[in-house]
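To keep things simple, chains are lettered A, B, C and D as they appear, and every chain counts its residues starting from 1.
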Amino acid sequence: MATPSIRVLVTGGTFDKEYDELTGRLYFKETHLPEMLRLGRARVEVRVETLMMVDSLDMTDADRARIVDRCRSAPESRLVVTHGTDTMAETARALAAGVPEKTVVLTGAMIPWAFGSSDGLFNLGGALSLAQVLPPGAWVAMNGRVFPAARVRKNRETGVFEET
Amino acid sequence: MATPSIRVLVTGGTFDKEYDELTGRLYFKETHLPEMLRLGRARVEVRVETLMMVDSLDMTDADRARIVDRCRSAPESRLVVTHGTDTMAETARALAAGVPEKTVVLTGAMIPWAFGSSDGLFNLGGALSLAQVLPPGAWVAMNGRVFPAARVRKNRETGVFEET
Amino acid sequence: MATPSIRVLVTGGTFDKEYDELTGRLYFKETHLPEMLRLGRARVEVRVETLMMVDSLDMTDADRARIVDRCRSAPESRLVVTHGTDTMAETARALAAGVPEKTVVLTGAMIPWAFGSSDGLFNLGGALSLAQVLPPGAWVAMNGRVFPAARVRKNRETGVFEET
Amino acid sequence: MATPSIRVLVTGGTFDKEYDELTGRLYFKETHLPEMLRLGRARVEVRVETLMMVDSLDMTDADRARIVDRCRSAPESRLVVTHGTDTMAETARALAAGVPEKTVVLTGAMIPWAFGSSDGLFNLGGALSLAQVLPPGAWVAMNGRVFPAARVRKNRETGVFEET
């Protein structure tokens, strides 16, 4: 299977939150994607691009339009978008509508990568693999599952992604 | 996308090596799969079955035949096999020949899961996702890539899986 | 050297903060002390008692009086108090004044234990050792250093404890 | 309490073992001391010097003589020696005899630091603190305890240090 080149667009979310030891608050510094890919010994051709660093609850329609635009303009036809979980399904639908001809897989984490107990590496492994084999469309890769954009939502009570 | 039930067959390998603090040697105790699935917050229906616990360099043809047999007899049509990396490609070819009607994804790790810096969680995330979407056949999921059984080998110099 | 019995009084602080994956906020659940002592393979006779679970910025004079009282009433003559760093020096002075006949060592962490990168285990190793050998009085064990209560402050700019 | 300058002499042992992902064996690369001190946010003036990198079962009398010599010739009067656990007690006795006028604290780990579950950071926190406050002599800091060189042994059955 020829290995396509993949672009990873970083948009923030729990995934990339850090702990500020002076204030005791969580904040964004830089993406951990390169470190995670190194840990995973990934040998896929990946280009990591930080598009924004926002909580997905703070993500605006303009932010979403920027993500759609960048997925369209990027030279790659296969992309992974890291994203906060709260509005991941919404962005997935925007991508499904706006970038129908490319394979875009959204993923994120319930626990920041910087914390030992993160699900981020598991999710990234899934998203990166799926981006290589799924057909065009927008997909959500969370909880070891894969959902088409049109049929996914996050259950806020349980923190789990479900099929609608 | 309906989520199929997946069987994970554990066969040993670096993945599940532990450090014996009395002897200073690496050994097998129990599989870490359940713990890893919990960390990944996996919500796929998964059945974990430990078939054997061996180094893949010690794996015999009889061991391989057992893996093939179990993949055939298992009720699931989608399976993940955790395996030592050294002879993973060989077992993949045995599975491709012996279980052509099921999707079987082999994966493993270069560093034991019990060590902080393992690639195991990344690989497991990939394998579990791929097992849900790939067509029948045997596949190797390593280094963030996916290879058909017929065209993969491990480069012993670099420790990296390559297409042949 | 006879190993004295040591009481560890847990009062909260960064040390024991957890990440709530549903809300994305930090909170207190239970102390990680038993897990940390297990990891450190500690063979000291230790009794862990959770006295309160508060941020040290929220700690009141009444809280401090409770800590002093408990150190006095506890059967052990050597104690470790885990504490938020922001007002650790203040509590140390209250203990120096209120429990002059016992050895009390305060410690804490800049990063929650639940995060992989915590300084907590290093600090706990120091505090527990010092509690066995230091003379009566209240001491702060942070940054690999040991300070008498009368001469310590936290530098809020750098997050580092200094001698005054 | 004025903070003395401390020399950390690295001699190898489980502490600094790494996992070689190509051979699956444990080996020595470089000491993790600087990384550990950074994680512990240590603000003690420490000089780390790698004297040798050996398993303590392989340590010869000549190696022990080198450790004694270096402790004597070092400008610091307070030292920490990281050491394999199997013969730590023996080296402690050599140091007690050969460097009576300095405070030397030996420590190590049952699990390599490179593995997530190591006791190394806990032990280092203890050793570094004790080196600042104990009187001259050689001491072993393990299992959260402190032993004078003359009265310590490792119980090979349990892996625990005991008073003799």
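Criterion: contacts are C-beta pairs under 8 Å (C-beta built on N, C-alpha and C of every residue); 3 or more make two chains touch, one makes a residue touch a chain.
Since we're looking at a predicted model, the values are computed, not measured.
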Following contacts chain by chain, what is the lowest number of steps it takes to reach subunit C starting at subunit B? 2
Which one of the chains is farthest from subunit A, going by Cα centres? D
Rounded to the nearest Å, the gap separating the Cα centres of subunit C and subunit D is 25
Distance between chain centroids, defined by C-alpha means - subunit A, subunit C (Å): 39
Residues of subunit A that contact two or more other chains, please. 110, 116-117, 159
Using the touch definition from the top, list the residues of subunit C that touch subunit D in their complex. 1, 3, 36-37, 39-44, 46, 110, 116-119, 121-130, 132-134, 141, 143-148, 151, 159-161, 163
Within the complex, subunit D is touched by subunit B residues 14, 17, 19, 21-22, 24, 26, 55, 110-112, 114-117, 156-157, 159
